[in-house]
Structures are given as structure tokens and as C-alpha cells.
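Please find the structures below.
Common to both upcoming complexes is subunit A, partnered first by subunit B, then by subunit C.
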Partner chain A sequence: MASQDILIIGGGPAGLEAAKGVADLGYKAILVEKRDRLGGTPDEAQYAALTPDLRPADEALKDMIDPVVNHPNVEVHYNTLVTGAEGELGNFTIKAVQLGKEVSFQAGAVLVCTGFQHFDPGRETQKYGYYEHDDVITLVDAEKMLKAHKFVRPSTGEPPKRVCFIQCVGSRDRQIGNEYCSKVCCGIASKQAIEIRQLLPDCKVYIFYIDMRMYGYWENEIYWPAQEKYKVNYIKGIATEIIKKGDRLLVKGEDTTLRRPMEVPMDVVILSVGMEPSSGTREMAKIFGLKQNKYGFIETEGGPLDTVTTNVPGVFAVGACTGPADLEDTVSAAGLAVMKAIAAVRKAEPATA
Partner chain B sequence: MALDLRQNKYADVPWEEKERLFEEVKSDMRFHHALYGCYECGVCVAACPSARFYDFSPRVIAQAVAREDVDLVYTLMNDSIWDCSQCFSCDRCPRHNSPGMLITIMREVAVRNGLETAREALEGYGRIIYKIMSTGTQVSPDMLQPNAFPDWGPHVHHISENLEVWRRALPPETLHTTETGWAVSDKTIIELYLIWHMTGVMDMIEEVDEGLHMILVDVMEERLEEEGYDVSF
Partner chain C sequence: MPVDKNQIIEKDKVVVEGIELTAEWNRMFAQRTVSNYDDSLMDQLTSIEGAESLGWCYQCGQCVPVCPVDAVGGDYGPRKIYRKVQQGINLLEDPDLWKCTTCSNCLRVCPKTVNMVEIMPALRGEAVMEGLDVPEELQEAFENTFEYGNPLGESQRKRADWVKETGSNVPIMKEIKRPVDVLWFVECYPSYHARGKEASAALARILNALGVDFGILGTEEKCSCDSQRLAGEQGLFEEFAEANIKTLGKYKFNKILVTDPHALNALKKEYPKYGGEYEVVHYTTFLAPMINQLEFKKTLNYKVTFHDPCYLGRHNGEYEAPRQILQALPGVELIEMGRCRQDSYCCGGGGGGMWLDGFMADHVQERLSENRVREAVETGAEVLAVCCPYEVSRFEDAVKSTGNEGKLIVRDIAELIVEAMG
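Here is the complex of A and B:
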């Protein structure tokens, strides 16, 4: 029996936007989420404020979640992990495990919204010592502190006087195997730099970078204000090594534009870790037989003109499961995927009566 | 240049003194119109004629100041800023910075504070400053004579003999000759004297060249007195 219901896997920004879109169009959205709550990575990693507008993440997520959970056309299944799938466009059967119990769903099309995970700095090929030095942290760790409106040196609990970001950790690196740019880290680091300067006006903040990549309005909304209003220091040159010196960190790198090697003391170093496909994304690619690129992200067909269609008819991929994506990309892709999924199920089963 | 490691070119001073000089630069009313932020595009260096001849970079000036690198700013104030020809080609900066204006401010601070390097840099300009400030006008190209300026080097002889050819190598026609655009009206010269007096230019001259200051004061006081101004320098 053919179905026009749309199954959405993952309750982060991509899945939430998609579920709302499907439901608003009068179709049934079945949203399955492996955690016991919605919001995805921004919720799980406790994002403080969103990039680029510094809107509180909780507030923004609530605005995405409320219309979904309150929508009569949406069915939300928490604690549900998809384990298998069979069938085809218009007639999929998806198997899942829900708190140890096997369940299954019928759907005409599937939207994979399983997102990314943050790069594990233990895999970087410089010598930053994330797992050695307490005061070497990641964007994710910094975000948690910023959420609590308290930014301190983890080793002492005291506010730092000098903080730096090191960009492109886990991205743009052939040795690691991630040649791609993770797209959002420049903006997020700059956003956090602004927040740190707001919290600690006496703290100097540096960003060591290869290229700053803040396209479109991120340039004037984040980059320029960070430099001009908040006096964040951008230094072109990436550090190669962090060593402990006394109770501080010594960051070794090159100040390329002033043509000199540098060894600068820092109280906190924040590694701007990039994006990799989440385990859920890898798993769904396997279950549905979706083509993946060499990095493990789901490959969409159609290049720049179609960012959601996969090699399997009736299965669409949305947002950061297809590659590094910001919220703007993700939400836009969700709308596109909903349109294409509904068009596909309507074609597969022409409306009767 | 910025990273010149030659020793003893100028005296090192305590960090607090460098910081004081930097604060004086930043407190200039023009400062915030001269520097917003720099993303190191290199437009200023690309446009800079001095950068073609010297190891000089307006970008490094903007960077050092934007980063508030007090040590480097002091280094630049003793050296690099004097390589700028103050043509303001760097004003085409897409961020609307003006490294040239930063240099103007830094030079003024260097002069006001009597930095030895400022004195040295300006030494060769004594006669030009005297000429401009006393007459209100400058040496014009047609004044070049083989023996007029021996301190300008042996090539002056060659240039003066072929002045017409040299002029044609420069795109704009100069209107500045001894016959055109030369004479300065009485009203203008009086105004110039008063401006230099009231804006502190004369105090700056005194800081770098007392002899020159004395001669200029003589000339100016006498003339101003003739015109009925009671000005004491």
C-alpha cells in the first residue's frame, strides 16, 4: 500500500524545518529522533548564541521545535534509532529500535537529516595537545562556557588575560584527509571572540587563521565588527605547536604578514574544530545505500543545482549530512527537500478521487 | 623597515614610554578616521610608490597599529614612517583606512616628542622647509641648475641639462614654474604664518631644528609686525 507520508530522520534544525514544512503542506511527517529530545547538535552541544546574529540558541530552537511538536500532522518518535529499511519510492518500510523495542514505519519518502559531528582534536596532525593541556579547548567547550556567561581558564577557574583561536583544526588538511573547508568555524570563532571581549573587556583575543572565510553578510555582520568594534586581533598564520610554559601556554606559529616567527603566551587556546559526518549520517548512508563522498558525507546528485537528491529515488539528504553547512544552508535545503519529496510521492501515487 | 635588526639605530626606551607615544597617536582626533580594521588585502602596498623603492609597507603600519603592537609601533615610528612620501595613494583601501594618515599622525608625534630619528630624517629638509615656510612657495622644477643643489648628488647636473626631456616623462603638465604659480600674495603669506603659529607647527620645528626655528621666527615676526600683528613665537 503506497504512502504519501514523509519520514524524517533526525530532530535537529534540518529535521525540524522539514517536519514543519511537510506538515504545513498538509502531509503527514513522521519525525524520528534517537535522543529523548529535539534540537539536534545545537541543543546537545549546548550552543549559546547562533551565528551570525548572536540570537540565543535556546530561543531560536524553541521557535523551531514548538510548531513541530504542536502540529497535528507531525508524529514525533523519541529514543528511536533507525536500523533498517526496505522498499522504494512511495512504499518504504523503515525499521527502528525504540527503547529496546522493535518498531517499523511506512513512508513514501525519507529525508535524512542526521547532520555532522565536531572534529575530534585528538586526530589533528600539529601538536596542539588538546588531551594534554587543560587550557587547550575547542569551540564546543568554549560555547558551553559562554552559555553559562562565564569564560575562565579551565586549569585555574580564573578569567584569562590572553585567548587565541586556531582556525582550520581538522579542516583543509590533506594529512588528516579532510581537504574541505568546514565553512562555519571562521564565523563561530569570530562570534565567540566578540562574546569573550564582551564578557572580559581586559582580555586580549587573537585569531590565527589561514584565510578568513566569512562570505556574504557574515563579513559585515561578524568579521568587521569583531575587528573594528571589539578589537579582536586577526593574525594570518597557523600555530604548529602548543607547549606548556610555567602556568601558561606558549603558542608557536608564524605571523606571516609581518614576516616573523612568533611564540606567544596564551592563557586559553581554542581550537576551531570543523565538521565531519556524524555516526548517524554514516549509518543511514549504509542502511539506505546512499552514495557517500570520500569524507563520508552523503553525496547529492546534481551538483550546485540540486543539494538534496541522493542516488536512491525517494531518499533525500538535508543539511550537514551532505557536507559542512550553516543554519542558512540547512534550513534552505530542508525546504527544497520537502518540496522534492512531496512532488516525488505525488508522482508515485497520483491522487485518487 | 619593520624588522630591521641592526643594532643601535636608535635608543630603546622602556615599554611605558612606547605606550605613552602610542597613546598620543591614538588620541589624535584624526586617528579613528584613519584606521578601522585591516584584512591585509595589500591594496595599499600595491598602490604605494615608496613600497617600490624602499622596504616599506603601509600595510605593516596599519597592521601594527590595529594590533596595538606597542613595540612594533615604536620601531616603525623610528624608521619606516619616514619612507612614506605622503601621497595618500593608500587611501583607496577598501576598508577606508588611511595608512598615510596614520603615518602623518605618527610623524607628528615623533616630532613633537623630539625623537632623534625624526630629527635625522628631517635634517636634509631644512632648506626646503625654510623655503616653503618663509616664502609660502617651493622650489620649482625650472629652478634646477647644475650647481644649484650640489647636495642632491651628481645626477642633478644631468637632469638640469635635459629638463625638457625629464618633464615629458611625467604625465601631468606642471604649472609650477618661476613664471606661473610662483608668487604668493601678501594676504596668503600672512595667513600661512598665522596658521603655522597657531597650529603648533612652529613648536614642532623648534623640536627638531632650533637653528631653523630661530631664522623662521625672525622672518615671520618682522613681517607680521609690519602688518600690525603682535605675535610672539
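Here is the complex of A and C:
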């Protein structure tokens, strides 16, 4: 029997925005989430503050979650992992496992909102010694400390005096296989640099970059204040290697504007790791037969003019499961996907007057 | 230690034992490794009032090609200053502190509004106050100003002597004891320098020919001190501004006419901060609307190129008046240099540069004025027209040192007007 319900897979920012949109339009949203709580990666990875406005992540997520869980048109299923799907636009049957129990859902269209995972800097190469040096951490590790309002050298537990970020780790790299720019890391590094300077005014912060990619308002909302107000030092040329020297780290690279080799001591090095498709995204692509690009992200049809439609009618992909995306991209895509999904189910079975 | 230019050689291409080395690799010195970024220095310098924007540079490099000092091999440029400070080089004790002429061409193109016109006076002021090394010749100009009221070290009593020497008819306020329409602030170089006096005599003749009701302060006038301020002597500037404002307060006039764009800048933008609010006009701005009232008896038959003074053009927005005047002179064909108007090159005299020629010689391959004179000669012009008193002497020296004597003459616009009047 045909259905006009919309099944949404993933309860992160994309899925939350989509569920709210579907429900607000008077349709039923079935939101399935594999964890026992909503919020997605920003919640799971314990983001402290969002980019670019530095709004506390908890507060922002609560504002996204509350209208969803309290909406009469939304059904939320926690601890639910989608395992299979059959049917077509207007009539999908989705199988899932819920705490060891098999369940199934009927829906007219499906929105895949399964997001990304952070690049693991030890996976492909040990260039920066992430698993070797305690004081080499990632944006994700730093975010956790910032959330706890305690930023320290992991090796000593003491506040650092000198911290640097190394940009483009796991992005823009043919050898690693991630040739794309992860889009958000320049902004997030600058945001964290501001937070470190706020927390530890005596700590010097450096950002080693190839080119700063601060799209649109991120330029004046994050980059300029980081430099002008918080005195973050931007150095063009990213570091190549990190060597242990005494109890500190020696960061080696080239300062390309001075055209000189550079070897500077640091207490903490933060690797600005990029985005990769999450395991959930890869799995859903397989289950629904969605085309993936060479990096594993779900490919959308229609190039830059359609960021949500997949090769399977009735299945739409939203946000970071389609490629690097910031929050603005993600919530915008969610709105678009809701519109297209509802248009599709209405067309499949025109509503009777 | 000054660099011995003969010892450092970087050739386009060198072949050593059959191996070709590009310029990048055939320098005769090794690269130092950057081992620290001591940003305490950046913090210290950008905490000085006026120097805050030094820390805003994002290294786009747009300032370097328009920096007049970099263009003469000065290896300078605001972007480079930022990086040097970021690298831990103390600008307060570095020769780079004294190279900027405050020409403002970098600020014109800077997307981050890094303002060298404010940064340099602030940092130089700090160096002066801390008793750090100030180039000797600049120190001398400061001392002359303090002692004699002008940077040339001439007697204050002789400030109006040019009037008699040139046989000009110039009323002096103290003597005429009546209000005037126009108070002419003559300034130092037009009062004392040989070529400045000639231009002053020319301007006096023009004002009289036009029937302008004017007067000068004579020996009561003191240096406007704008260049001393920009070179780091804020204290001296304030003292002189207050003295001039007090003197001006004694007399009644409708507007102030200035010969010197640096005085224009001081009187128009700085004196109001100390209570001196006046209508101030540069002589070219004043004369341009009246130029057709003059009777020209002589056709000049000159190809003329015009050098925009930094403090008339970029700093105070006047580009048209000097050109209107030149084009009104019979027989003048105006040819523009490539770098003109907003992008005009600097003569090297601003921001204290007037008193730093010896110092600069150790740091650049040629003087800024020489660079400019070569450009003027390339246009095919026979006359380089100027309207800032720093420029006549600077460019005349440069014409000689670049071997262009007989090819190019330097004339103040007032002199050209008088020549056409016959």
C-alpha cells in the first residue's frame, strides 16, 4: 500500500532539520537513529561551540532536537540500524534492527542523513606521529578539551604555552586519496584558536596553512577577528614533520613567504583533520543502491543545481553524506530534500481532495 | 652593517662545473632557519596607539608592488614588515623603521586597511621616546626645528626675507594690521630654500595679478611640522601646532592658502584636533578656477608631465586642479606618466624622507626621486611640473644624478604660470 510517510535515516543536524520540515508540512516523519540519542556527530564528538558563531553546541542542538521529539508528526526510533530496503518511490519497506530485534517501516520516500566521519590521521600515514606523540592531537580531541573548558598538554596535564594547527590533514591529498577540500577545517581551526586564546591568554597560537579557505562570512566572522582581535599567527606553509625534542615537539616545515626552512618548538600540535564519508553513509549507499563518488560520498544527480537527488527515485541524500559540508550547507540541503521528497510522494499518489 | 652591494651577486643563471644554477640557488649566502616566532614583539608593537593595524596583514602582497621604497630595491614593503615582526625582528631598532615615506599608496590598495600612515609615526614616536637610534640627519632636522622653527636651521628672523630678496609685493599681517581675505601660510622650504623662494615669488606675482587680498605671517610663522610628526616627533608637532594656532588666532582672514601639501595636511586634518579649524586650500586648488582671469603673453611650447604630490593627491584628494592649470597654459602639452594620480609614485621626501637621503642611500639602489625622474624622461616630456616645495630640489638633484641634464627641467606650477604671463 502506498505511503506518503518520509523515513529519515540519521538524527544529526541534517536528519533533525529534515524531520522538523516534514512534520511542519503536515506529513509524518519517521526518524531512525542508531545511537540512543539525537544530535549526530556534533553530539557524539562533543563539539564545544559551533562554527562560525561560537554558539554552544549543546544549546544549538537542543533547539534542533526539542521541536522534533515534541512534534506529534514525528516518530523517533532510537538504537535502530537500517539493514535492508525494498520497494520503490511511494512504497518502500525498510528493514532495521532495534536492540537485537528485527523491525520494519513503510515509507513513500527516504532521506539519507548519515553524515561524515573525521579523517583518522594515523590511517594512511604516520607523517605527523598522531599515534606516537601524546601532544599531537586532532581538531576532535581539541574540541573535547574545549568543551570541558580545560585545554592542556595531554602528556603533562599542564596548560600549553605554544600551540599550532596544521591545516589540510587528510584533505587535498592525492596520496591519501582525498583530493577534495574538507571546507570547514580552516574555519574550525580558527574558531578553536580563538577559544584557546580566550581560555589561555598567555598561550601563543599558530596556524600553518596552504591557503586559508574561509568562505563567505567566515572570512570576517572568524578569520579576521582571530588575527586582529585574538592575535592568532597565520603562517603560510604547512609543516611536514613533527619530531620529539626534549619534552616538546619540534615542528618542521617551510615558511613560504619568507622562503626559509622553519623548525619551531610547540607544546601541542592540532591536526586539522578533514571529512570522510561515515560508515553509515557507505552502508546506506550499498543498501539503497546509491551511486557513490570515488571518495565514497553519495553522488547526487544534477551537479551544482541539485544537491539532494540520488540515482534512486524516492531516495534523497542530505548534507555531509554527499561531501564536505558545513552546517549552513546541511540545513539548507535538508529543506530542499524535504520539498523534493514530499513533491515526489504526492506525485506518486496524488492526494484526493 | 650596511650591505656591500658589490659583494652580493645573484645572477639569472650561473653554470658551476657544468651544472646550471638558477638565481634562487646562486646567492652567496646561506638561508637561515626560522627557529622561533616570537610574537611577544608583535603584541608589544600593536599595543602602541596608532600601530594596532600592523597585526592585521594577511600577506596578500598587494602593497609591495606599489611601495615606492621596495621599487628602488629597498627590499621593504608593508607585508614584509609584518613578517619580519612576526619573525621576531624588532622594528623599533631596525633600519626599516625609517624607510617609509608615508606616501599612503599601500593603504590605498590594502584590503585589510593596514595603515602605515598611522603605524609609522606611532612606532617612530616610540623609538624617539625610548631614546633608541634615530638616524643622525633626521635628528638634526628635529633639533633645527626645535631650535630655529624650521628644519633647515635657518634664522627665524629671516623667514620673510625672501619677500625683499625677490622684490615681491607681499603684505605681512603684523604690519598691515587689517583683516585679509586670504592668509598665505608659506611654510619653510618656500621661505628659505633657493628654489622654494623662486616659486614663492612666482606665486606672489600671480596673487597680485589676480588682485587677491592676501597677507603672510612673516617671522611669526613656524613650521607646520607635519613631516616631523610623521617621522616620529609628535611632541614637537603639538608644540608647533599650538604656537601657529595662537598666532593665527590674532588675525582675521577667510581662508588659508598653502604652498606646501604637507602644510595642507597638517592645517586641514591635524590642527582641528588642537582647536585650529580653518578653511585651507592648496594654491593649485585656489588658482584653478581663476586661471583664465590671468593674461598670458607667452606661448610655452613645452611637453609637460606632472608629478602628483602624495600629500596633495592621495592624502587630500586633489588631482584635477594642477592639471586644469597646466592645460590652461598656452602651448603646454600635458603627458601623463604611467604612475599618476591615485597611483602616483613618491618623490621620497615625505614622512621624514626629506631628511634621510644619506641614510636611505645605504639601503636602496637608487633614490626614489631618481626612479621618478627616469619615468618622467621616458614620457618624452621636457618639463617635470611639480607643486610641492620638497620636489623641486629633489627632482633637480635627481635629473643631474641620472644624467638627464638638458633633457628635463623641473618647474613649480607657479613658475610655469609666471613664465606664460611673460
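In this text, the second predicted complex is superposed on the first by the 349 of 353 C-alpha atoms of A that agree within 3 Å, B and C clash if a C-alpha of one lies under 4 Å from a C-alpha of the other, contacts with A are read in each partner's own complex, and residues count from 1 in each chain.
To be clear about the criterion, contacts are C-beta pairs under 8 Å (C-beta built on N, C-alpha and C of every residue); 3 or more make two chains touch, one makes a residue touch a chain.
The structure presented is a predicted model; accordingly, all values stated were derived computationally and were not measured.
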{"item": "Clash or fit (per the criteria above) of subunit B with subunit C on subunit A", "value": "clash"}
{"item": "Of subunit C and subunit B, partner touching more subunit A residues", "value": "C"}
{"item": "First (subunit B), second (subunit C), both or neither touched by A:N293", "value": "neither"}
{"item": "Contacts of A:N233 with subunit B and subunit C, given as first, second, both or neither", "value": "both"}
{"item": "Partner chain in contact with A:T156 - subunit B first, subunit C second, else both or neither", "value": "neither"}
{"item": "First (subunit B), second (subunit C), both or neither touched by A:P261", "value": "second"}
{"item": "Shared subunit A contacts, counted only where both subunit B and subunit C touch the same residue", "value": "212, 223-224, 227-228, 231, 233-236, 257-260"}
{"item": "Subunit B-facing residues of subunit A, complex", "value": "212, 223-224, 227-228, 231, 233-236, 257-260"}
{"item": "Touch list for subunit A against partner subunit C, complex", "value": "204, 206, 212, 223-224, 227-228, 231, 233-236, 255, 257-265"}
{"item": "Interface residues, subunit B side, partner subunit A - complex", "value": "2-3, 36-40, 59-60, 63-64, 66-68, 72, 95"}
{"item": "List of subunit C residues in touch with subunit A within their complex", "value": "31-37, 39, 42-43, 46, 55-56, 58-59, 79, 83, 86-87, 112"}
